[in-house]
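Here come two complexes built around subunit A, the first alongside subunit B, the second alongside subunit C.
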Partner chain A sequence: MSGNGQVYEVFARKKRADRFEHVGAVSAPNEQLARVYAWQTYDEAKWFEMTVAPRDAFAAVNRPQAPFTLGGPGGRAPSADSR
Partner chain B sequence: MGRFTDEELQRKVQEGFIVESEEDMTETYKRALITQLTVQGDTELISAPAYFMAARDAPSTNTMVSATAIIQDELGHANIAYRLLEDLGVDRHWLLYEREPAHFKHPYGFDQPLMNWAELVSANALYDRAGITLLGDVHRNTSYGPLKRGLVKVSLEENFHLRHGEVWIRRFAEAGGAAKEAVQRTLDWMFPMGVEWFGMPDDRKHHNAQLDFRLKGMTNDQLRRTWLKAVVPLCEELGYDLPAQYDPGTDEVELTYELPCQYDPEARRWLFNETITWKQVFQRWKARGPMNEQYVDSLRRSRFAVERLLAA
Partner chain C sequence: MTDSGFRSAEDLPEGVSEHLGDLILALADNKRLLGIRYSDWLLGAPSVEAGIACSAMAQDEWGHARILYALLRDFGHDPAALEHERASGEYHSSELLDRDVGSWEEFLALNFLWDTALSVQFEMLAESRYEPIHYKVRKLLEEERFHFDHGQGWTARLLSAEGGRAALTEAFGAAWNACLCWFGPEDDPLIATLAAHGIVRRGAAGARARWLERVGPLAAETGLARDAGSGWVSTREPLWEGYLARRRRTAEGGPDEDSLARVRGDRNRELLMD
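On to the complex of A and B.
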């Protein structure tokens, strides 16, 4: 699919001293737009800090696969049964 | 995929197991999850053009801001559902731009025109209440981890939409006269749409993979009852007439018409005396309502127009 680039995972925290929480993901053609989409989509709180990282930058530590690995970056063409 | 059989997975999720990856799923689980997420995403998506149609009638800048804030929320919720679908291998471009409008899976209620401010706030009070009823249940019960997390934002924001609707229908009721009459006329066609929102009654529905795999917690009838018990007492308190009655003694709501019945979309009128079969209702849903194509097209038009400009 054109222009949707890759998946970025979104992390945010409401105040200093909070842990970063994984709040979701966005698909974007580049990091700049990923930052915009993340800020606009996950606007449910007044975040002190939000950050995005490309999904394929995550490395698994104690499991065979990295987190967020379902389906991999971007979408594939739907199989007959998903239509 | 393939770690479990359907029976094993059903037993595990009923005991609290949370599915996090495709290897935890079975093919049946995945198919049921994709259907559920498509209904969810499409409903959020199509609410945007429907609400936008009515928002053009916003009576002031402030009310326009609250209406468009709601629309932005709904698009964000659609985005979250479609993002989860992408991770299950469904192509978002296909979902948004290549499906026939009639193949979208949102409820029939969102295929209707919303003509003015009274209709917008009534939809917030009735349809967003239906959304909270359905998604709140999914949020509490779903066995799919990524969806449970995705619904945190959705639940927060849908409550704001509902409050928006309830505050405004109260305001119209207190004003009385033509104001109250405008909401009453809306409820006359919109309330039975809300009753239908929850689908076929339990005794007609054979397939319940969503319950077996704990993708939701309550049955259609239980969800419908929850919605009725929220909507009907409030409307009675505000002095609106609905074809339903709340009995405080038993804490139950009874409809005062026979389900299912026929709807005339041109006249925007329910034909309460024309009792039909659920099969006929299903056919009406499948054929979709009057705004189906226009709403879907309004979400696509600019994308292709701008693409052509960029390519020229």
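On to the complex of A and C.
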């Protein structure tokens, strides 16, 4: 099924005072499923807040491509061609 | 009637305790079986992410079932016996869960329609005058929010796909009557008694209406529900033939042999050491 849709980047923080960190990415057919997958996949902490955004929504600033294509800070974000 | 709560099953009025015990047992058994059905899809789901979601949902359901079985101690049950020693016909779980499901669409009927039906019944208990269930229900419903989103997200996805709609319509159609009946007939003495004493917030008809409000908008696309202006209604009348009020199902029988062995943890117990 080509229904995996698009890649969503996942950001979360443990406390209100924390900055968001990039915790990884999920592939999902729509935003509703992206939220579910993000919450259930990146459950290593008791997050105060988590948010997702489509990878396509990020605009590159100083490099030719938008970020995250080589994996997130945790090395857990899938690369674009592993889909 | 006063607004004071009941701290234990012992304090419940005559007859209410038995009905509430039956309802909690039905919820517990359904969650235990549903957990197994979720776990069946850890590896076969359409994506790795969906498999992880199934795994998380299975864990949630088993956790919920554990809590509910433990709660039944208050009603004079032995939780260990309930969990490990019953025969198939003693389970109060839905006929929808008696055997494994063969397709992702049938899985979604369980995930979206059935799991939501269970959650709606828990919503009815959220402000129950039976206090021991309060806190447990709130946390359970927080987790169930993601189950609903998973079911709804996938249902929407399949409805928008060529070919997905037909299979989904068939699977939802097959599960629909069991869901309608789960809440009980309008004059269900069991639920009416619980509602009269403030144990559940609304009676059978009210709970069914709430379920239709949640699943109706997408179920309408399969022809099973429609917007009647004042609310979402089923396009089919519930068929009560064979309905077993205490077990809250419309067919005799129970989980098949394989499901029963898994639900009771027979293999785990073979490994127990003295």
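FYI, the second predicted complex is superposed on the first by the 67 of 83 C-alpha atoms of A that agree within 3 Å, B and C clash if a C-alpha of one lies under 4 Å from a C-alpha of the other, contacts with A are read in each partner's own complex, and residues count from 1 in each chain.
The working rule: contacts are C-beta pairs under 8 Å (C-beta built on N, C-alpha and C of every residue); 3 or more make two chains touch, one makes a residue touch a chain.
These numbers come from a predicted model, not from an experiment.
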{"item": "Most subunit A residues touched (candidates subunit B, subunit C)", "value": "B"}
{"item": "First (subunit B), second (subunit C), both or neither touched by A:40", "value": "both"}
{"item": "Partner chain in contact with A:27 - subunit B first, subunit C second, else both or neither", "value": "both"}
{"item": "Intersection of subunit A interface sets (partners subunit B, subunit C)", "value": "1, 4, 26-27, 40-41, 43"}
{"item": "Residues of subunit A that touch subunit B when the two form their complex", "value": "1-2, 4, 7, 22-27, 40-44, 65, 68-71, 74-79, 81-82"}
{"item": "Interface residues, subunit B side, partner subunit A - complex", "value": "21-22, 27, 31, 34, 72, 76, 79-80, 83, 85-94, 146, 149-150, 152-153, 156-157"}
{"item": "Parts of subunit C lying in touch with subunit A, wherever the complex brings them together", "value": "46-47, 49-50, 52-53, 55-57, 146, 149-150, 152-154, 156-157, 161"}
{"item": "Interface residues, subunit A side, partner subunit C - complex", "value": "1, 3-4, 26-30, 32-33, 35-37, 39-41, 43"}
